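The chains carry the letters A, B, C, D and E, assigned in the order they are written, with residues numbered from 1 in each.
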């Protein structure tokens, strides 16, 4: 556990220190009110730690639910498309057509179908990340050396065994990679998902600070978001190390 | 006298008196607009060539949300914009020197959702009203609430379309919108409960940076001349005649109809009276948007419209 | 002995390149066949045809009377390039076919795996991933994975190419033991003429242009000892046949 | 060329037909004004083909520039991080911290630095996609079997040769995969990048239709966007086939 | 002959497993060394140490008087698992080392490549990607890639394991021709005792626990013919030594 902890916290620290350095340099060089000083922001951050933690919790939950749902939906569909030529021929073009559509434009539809509450926010995020996940998983499955399937065929392996012994382990590194991207996107998406009918969430916090033109507040929100992201990413790095021991 | 004053357009307003002995510099003045009724005179003055005729070089930057406009203003990309008193105060409070130079033609409507059964303002008591907090929308709603002595719940939906759809689908009870959206919503079954114009609430303004005001006074005077010409043009002309301009600036088709059926005419650029101004400033301060109070003189300069 | 496998006018080509042109062959049940021939002649391709991985362009192939349509459950295959998965340790790789085929208890599976690994002398590597194994260890892991189930047809593509002389002999012996325990037909490709003579009941020489020659392995019928003159005479004979084919081509 | 063309157009067609079917079903089932009928939208689309093509052209150019810049920046940095342990230790945490930040929140800074014109729009898109590209490329480089580098080492290959003969071909499939994602994201991002100081671009078109609550117009904009996306994707598919002949 | 390579008390271990414990060795310039030994004993590891891919935990290693710090430019290596890149055709793979080392003209490069491919009898596969090549063809492509430059030290890990007897002999001859043309020292691993005896000036037998034994290959000094009794006697002798080592372990 302590080893696990170490490998987890140290890079986080490096990331933050570097970010603060860059931030400070930008603050000095650009010298605009829209980039407040790091110290000032930290001060604000720690003085408002309490509400911020609640905001982070709310966002964390939303992102977590969206990501888990995206995995549950995107993984099997992506795998199916990658494995079966027919599905690839049919669904890949559909994905290509749907993928670039800005899902935010469907906010009205989401609101209509899922109300104004958490469901519609989660669904919005889900819709934003799930197609990306499908595409990555599909590409990952297509990259598996065909030879591996021949080996499984030689054991007359049933479909589920092919998935269990080849497809899943083979795409695992890819899944982690695209999980990082999905999480990054969903966190950035909070900015849109949490901008209606809620008063909780880091996205809301940043947005309302932005509208109030309170940049110190906005940057402490952004810090909170980064913190959330790094924790997610750190967790995924650890998980990846654990689950792909052969690499 | 203005050297380049060779206009042969609308005669009636050809008040060539321009007390200053300065002529417009012709430097580009960048103005931010929103697809709202208040921007129309500026757009028409540009498209009809009134600015050019008076030797003022206006460039329009269109924004789809007030937020983006604010961002551009902070970035120093705009010399002036349509906005409101509280926005001006908030900017000044954050160290960006601006002044209100006139009002704009604007009318906010309070609407209730089709199935809510709400047909009068006071029925909004205790109901969910969607708006963008801290700005003009909340102020106007607060004024109505104070008038009717009721309270309401804010459901924050910054996106225009999100708010509109939430209303039409009865997910919220009330909403506050300007034209042209308000008219569209009424067409689709929303109930009209009140209008800021009728209630005499006025918060929308044109504002310019301090720099523009000191460096280009003649340009601003000419700007307002052209603005008023455009208002006259609008009052005289059937909107279908300039519907192509409306389309270019992404106004909905219903805008023409609205303009033609509008009961009262558009008004020349005018002032925000001091009383109204102080009420808004007080409200803004109570919302924590500004840290200190500002006086009428600090934030306004109506000298350019007093021809 | 009854015929187990028949190839009837089998034609196969890949990338415009004809590998077999009207190949005919009958293989008997329970025998061991050694396939030898120059590199690139189509030995691997022949095994893949028999396994059902690829389909002939023309002609018919039957195993135990049935047309080969798909991969048979009772055929086991050892790939020339092994096909070990980077994510499986030696023990996991060898246990996989057992886990897939039936519901054995875990301890039963583990025991069977350990036993086979130790007869192949790689029990000490059981928890190594492929990248931690030496070439010969990898080959033995792949071999174990092929042998762990009980097939009636065993197809092996150069099963001992990466093994030293001593290990090779151990494994040849293990293979002969298995062959006598189980009723199975085995076909293996080798470049080692001595191995072909030592193990094969019949030797199939594949010549260029898909011409194929059967040699009854007299030596094998008489004695299993490598130490006789007859054994080396037979090796020499096979060698001559190979050379002859090459020079004709 | 005709072969190239065929493999390109057919799947596009499938994608569109499927999309229209789904759209029609949603239109019928949800029965809301916010999802207009496909026919009606097509009618509008073709009647307004002329302005739409100009909008598409503007957006195409912006996306193209952003994607090319993202490649020029993200590819070398991603490769460097993937190859050098030190950089990985230093920059990966920074990426983790920066990646989830909603770049749209920095619009003021972008406007300040790059004005209101195309430069700031392109920069915004660039910033949104470049980190994702770096992360994917990094992951791709890390996935290259270490063995390949040993082979190159055995030839005393110089750094540039390692890149030329191993790294680039090895990550090519990944680059295509993440190029698809980048393009998808930048197209969706047009919705934010084209909402100020422009009257051209599909993003602007959709957004302004949205504000006018003209859903038929909005959907024809979305159709234009999808079309743009599919053309991009189809092009990438063809390019991928050409450039990775060994797969 | 002067010493070219020296190993001085070299210790190497991997994953807690000691492979060499204080290994000492001196190899002369211009000679051919054959390394044999049981699978997993550390033959590949020894070659990797000599190539400079891995560093010993203790001890010193020099080549031509210089401590081995990194991979030398004039060392060529053939990997046991070949290490062909899926994205290079045979011709591209073989041309790569030439393209990297100097600015030859394209036609010059192409000619050199074609010539080598045809002496290895794989010119017909020059535009094939690895997955289109047979096992032995792949091995020959990798071999060609190793031989195309002009190294002073050639390290080859089982260069002929996937080749049939005839092809193997062709390549052995090619190798001897190259060796006499160039002044180079060659060390190769093989499981084929006859190959070791035929090619090696000296034979190094690696025994378990990293114990290593040098055999002067008398046969090689006397005659190159495989057809003599002395040749087979020598093979038999090497075999006995291998067995002895295995039984002691």
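Here is the rule we use: contacts are C-beta pairs under 8 Å (C-beta built on N, C-alpha and C of every residue); 3 or more make two chains touch, one makes a residue touch a chain.
Going by UniProt, the chains are A, D = ABC transporter permease; C, E = ABC transporter ATP-binding protein.
This structure is a prediction, so every number in the text was calculated from the model and none was measured.
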| item | value |
| --- | --- |
| Chains contacting each of subunit C and subunit D (ABC transporter permease), listed by label | A, E |
| Subunit B to subunit C, fewest steps along touching chains | 2 |
| Higher-contact pair (C-beta pairs counted), A-C versus A-B | A-B |
| Chain whose average C-alpha position is farthest from subunit C's own | B |
| Approximate Å spacing (C-alpha centroids) for the pair subunit A (ABC transporter permease), subunit B | 40 |
| Subunit B-subunit D (ABC transporter permease) separation of Cα centroids, rounded to whole Å | 37 |
| Computed distance of Cα centres, subunit E from subunit A (ABC transporter permease), in Å | 50 |
| Shared interface positions of subunit D (ABC transporter permease), touching two or more other chains | 32, 34, 108, 112, 147, 210 |
| Junction residues of subunit E, two or more chains touched | 81, 131 |
| Where subunit B touches two or more other chains, by residue | 74-75, 161, 164-165, 169 |
| Residues of subunit A (ABC transporter permease) that touch subunit D (ABC transporter permease) when the two form their complex | 11-16, 18-19, 22, 26, 30, 32, 34-35, 89-105, 108-109, 112-113, 128, 131-132, 135-136, 139, 143, 173-174, 176-177, 180-181, 183-185, 187-191, 203, 206, 210, 218, 222, 225-226, 228-230, 232-234 |
| Footprint of subunit A (ABC transporter permease) on subunit C - complex, ascending | 51, 53, 71-73, 75-77, 79, 81, 83, 85-88, 96-97, 100-101, 129, 131, 149 |
| Complex interface listing, subunit E residues touching subunit C | 15, 36-40, 43-44, 80-81, 122, 125, 132-137, 139-140, 157-158, 161-168, 191, 193, 239, 242-243, 246 |
| Residue numbers on subunit B that touch subunit D (ABC transporter permease), as the complex places them | 35, 61-65, 68-69, 71-72, 74-77, 160-161, 164-165, 168-169, 180-181, 184, 188, 248-253 |
| Complex contact set, residues of subunit B against subunit A (ABC transporter permease) | 67, 70, 74-75, 90-91, 94-95, 130, 132-135, 155-159, 161-162, 164-166, 169, 171-172, 289 |
